[in-house]
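Next come two complexes, and both contain chain A; in the first it sits with chain B, in the second with chain C.
And then the complex of A and B:
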């Protein structure tokens, strides 16, 4: 129909009402992060029992590593690569906290997100979905830390840790666990977007997680890795997401080493953000929103 | 300036195809075959501020794909569109803050939390100032009569209750253009009517522009003076709902109540129903007056009516076309009205 015909059926609008007052963008973003994080806490409290079961399940992995490495250390005359059983205990107790801190939206979730129409809902909001993921899982950390404390106490009683922390280490650790969280969110966001090219992406995800397991400090403290592997580690982001925050607290890193670790995180955040934006722009053009 | 301007909008999907069986599965490993589905083809339309337009078509006609392009979810294959002066698929913040998309079959509220928490989330997403938000929320809650529901978790609401909450949540930022895709789907007639009444009131109060798809003609009849009909992705009709029958229906319905029930009226037209003394005939539109005159002269019925067929029947006739787009419609009638 032509514009003339459209005009013919026009319902004359009533006098324009003043638009809703809106807050400025910086304040809006702060408010958005706070509100979404609060929502995550509320939601996860609803699932506190499930969360605790999940957390207990997650204890198994570091406890196995801890027991194995403690046995190896004792069999090797009390230490391996400078780690005593107490050193390993400290490493893997902190490991648990870092592991919980870097839980982010899984790339496996993208298929569900697309199939259930959640992505469509996100796309018609004036906030990038990445902000939603960052805010939501940041809120979840409150629950993760609350649940981690009693488990850490029990583990510390069973496997007494050797831990001596100065203020610079503690401050670096606090910043680094959030840096690790942001980097991992960005990288897994990009990985998840691959779902928009092909729906069967599990093999790719598994490959990524295998590399992360080996090269991040999750399976083995990176100090124990051969030099050839460490050369690869320096080129990849995995250490920044796992090994560096733990080392910042439990190893004797010097001031310059701590700063270098934080700068590496900053680099990977910049790289991850750029990559996420570029891939997002291309991926979203492929979104067909079929069926939802 | 028009709120919605669409010119030759086209969206083609490339979908993989494979025949059944192991052989076809093996072959698809080497060479995947695709076919193109032209979901929307050359759609052009203009919608003025404050209009409520019914977007009609059978399943797969391209209605939802069109709405998804206009709300920014989908990029078109070709063509242009401007909504409120924005190119929708660029999804600029200023644009998304002025529109809303409600999909009747999808839930956008926080499933495990009370409705008010989802509303609070929308306040943060759209950056609405607290006083304005509180006022708008209370107004919507009152208009939709959901005051007793908002403190319940969404998962505990019935479908109709959830839909009302969805609509309230989608309007908290007072959008100027509403894309409503089957907002009453699956609801009982009472709930459908309430939502229709609310939408009519919202349009009147805020002058919002509404594009509505619905398979319930009652929704369309109650809300839309103008309808756009698409089929196989192409525009079939764009004009007043009242003229849809004249455009597509070649017959009229003549109802007569006879003094002497049982008379054979087949010589006057196609007898489509007999209910006691009441007989309903279907006669060519051009002959309706003459047939009525003959009936009055020959039978002196106690009552006689000439009507367009029910709008549902008209729509059914429009859509009951073979696969060739619009082939049941004369070519000049495929043009926009």
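And then the complex of A and C:
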């Protein structure tokens, strides 16, 4: 792919360190993001059928949770932890949109990037690979949201949701889904970089995804979790990536609660960014390309 | 035997084989294909422990989910916690069968159709469906079969089910039938690659659907029950063995499963041949 980085074999410091994009060029960055996002839209629009297949696989998960918890709600007199079947319907239909916003470059993809030498190409660009991932998947969201709308309509007809939204909630939701997207991108970027140390990453990734499933609000609204679990939830970033955006729209969170949720997201973005930069710096030293 | 997995043909007919009519015995083909795959995988022994770890993580997650549900209700659609764990065990075991015996070969088939490399499988003097169905086997997910069956035994004992010849017998027949049905479904979907070339999301689609099997299909509303019985036969594959073991289903349901399997096998065979006629290699 790239001639100059590929030559080095075991030379410890890579001769051509990529000049990372520094701040101070906001205009150029904006251009870069817009272009990559537009490319993603065009590229993914070609694969409408493949995207839809992916979506249908994804719609099953919330429908299962919705059915199970509706059965539980009906068995225990109409509601569980404040959620009626209609409340669960609202939760899991919004869940789908948030899940779509949540899709980022998979940590499993790093093996491919390294094996196929893609990373070499990324390193010679004058911009950090993280920006590329952020921009590309942000563009993909346009297609994902467009495809989600008809599915949401059908689901709403099959499982009538109970939903009342005010302006503050809607505004918070709009900001929070992007916050969730950025946090999850950063965390999975760091997780993916582990591939530069070991190729046996699947076990670690699955442990991470199991924790995320249980502690993010993906499996069940976190209000239903026992208190002992909730104490852990507050110490971890998962709620900011899943539960909070949904609750912002679906639950009756007060103004201060909404602000606190957004501040938590801001904290995790800062934390994730710092972690990503530190780990990236160490990880990339371990990379050496092979080929010509 | 050369351990080159993807290109290794079935055992080559020896020189004398040229003189004989070109009949290769099915049993030999199966043994060779499975043997080569297994040998290739068994080189990576650390993967056993990683797989065990992953299986336990998945099991712990499943238990957490069941526990959470039963915090709020004593029984879910008539199933007690331990009875539901029987379903979880069956689901885990069958999932292991899928990921080790079914899915790898099907994904290879999809790749080969897309890249026009299926010729290599088709020129072999044995039934093409047999070859494409057994070309790639991953051994380690079989850990899930052991873990899943262990869960079934423990859960059945804890649930205090009455163990009878009928219930265990039905269970033991229904479970392999379930695997056959899932194989048929996978092959039907994969055969679609002869027409729709880009199929890489199909594994996610299937695995998404398969997750529904962790719950008794009777919980779902009527239209979904129909989907999970006829289109994606999870009701037969996962729920029925669990129902059999917990004394909920008898010979009548088993008869239905047998009939459905026979129909599905025939339809799969027909559809596979239809697809094959549509195949054009990428060479020449």
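Quick notes
Keep this in mind: the second predicted complex is superposed on the first by the 266 of 292 C-alpha atoms of A that agree within 3 Å, B and C clash if a C-alpha of one lies under 4 Å from a C-alpha of the other, contacts with A are read in each partner's own complex, and residues count from 1 in each chain.
Please note the rule applied: a residue touches a chain if its C-beta (ideal position, glycine included) is under 8 Å from a C-beta of that chain, and two chains touch if they have at least 3 such contacts.
Source: prediction; values computed, not measured.
Of the two partner chains placed by the overlay, neither chain B nor chain C lies in contact with A:281.
In the overlay built on the shared chain, the residue A:214 is in contact with chain C alone; chain B does not reach it. Look at A:50: by the touch rule set out above, it reaches chain C but stays clear of chain B. Once the two structures are superposed, chain B and chain C can be ranked by residues of chain A touched, with B on top.
Touch criterion met: A:76 reaches chain C, while chain B stays clear of it. Taken together, the two structures place residues 47 of chain A in contact with chain B in one case and with chain C in the other. Residues of chain A touching chain B in their complex: 1-3, 5-7, 9-14, 16-17, 19-25, 27-28, 31-32, 34-36, 39, 42-43, 46-47, 116-117, 120-121, 123-127, 285, 287-290, 292.
Of all the residues in chain B, the ones that touch chain A in their complex are 2, 13, 45-52, 68, 71-75, 91, 93-94, 96-97, 99-101, 103, 105-106, 108, 110, 112-113, 117, 120-121, 123-129, 131-133, 136, 173-174, 203-207, 225-226, 228, 238-240, 336-337.
Across the complex, chain C is touched by residues 47, 49-51, 53-54, 56-61, 63-64, 67-69, 71-72, 75-76, 80-81, 158, 200, 202-203, 206-207, 210, 213-214, 219-220, 224-226 of chain A.
For chain C in complex with chain A, the touching residues are 46-47, 50, 53-54, 57-58, 60-61, 64-65, 68-69, 71-73, 75-77, 196, 198-202, 204-209, 211-212, 214-215, 219-221, 224.
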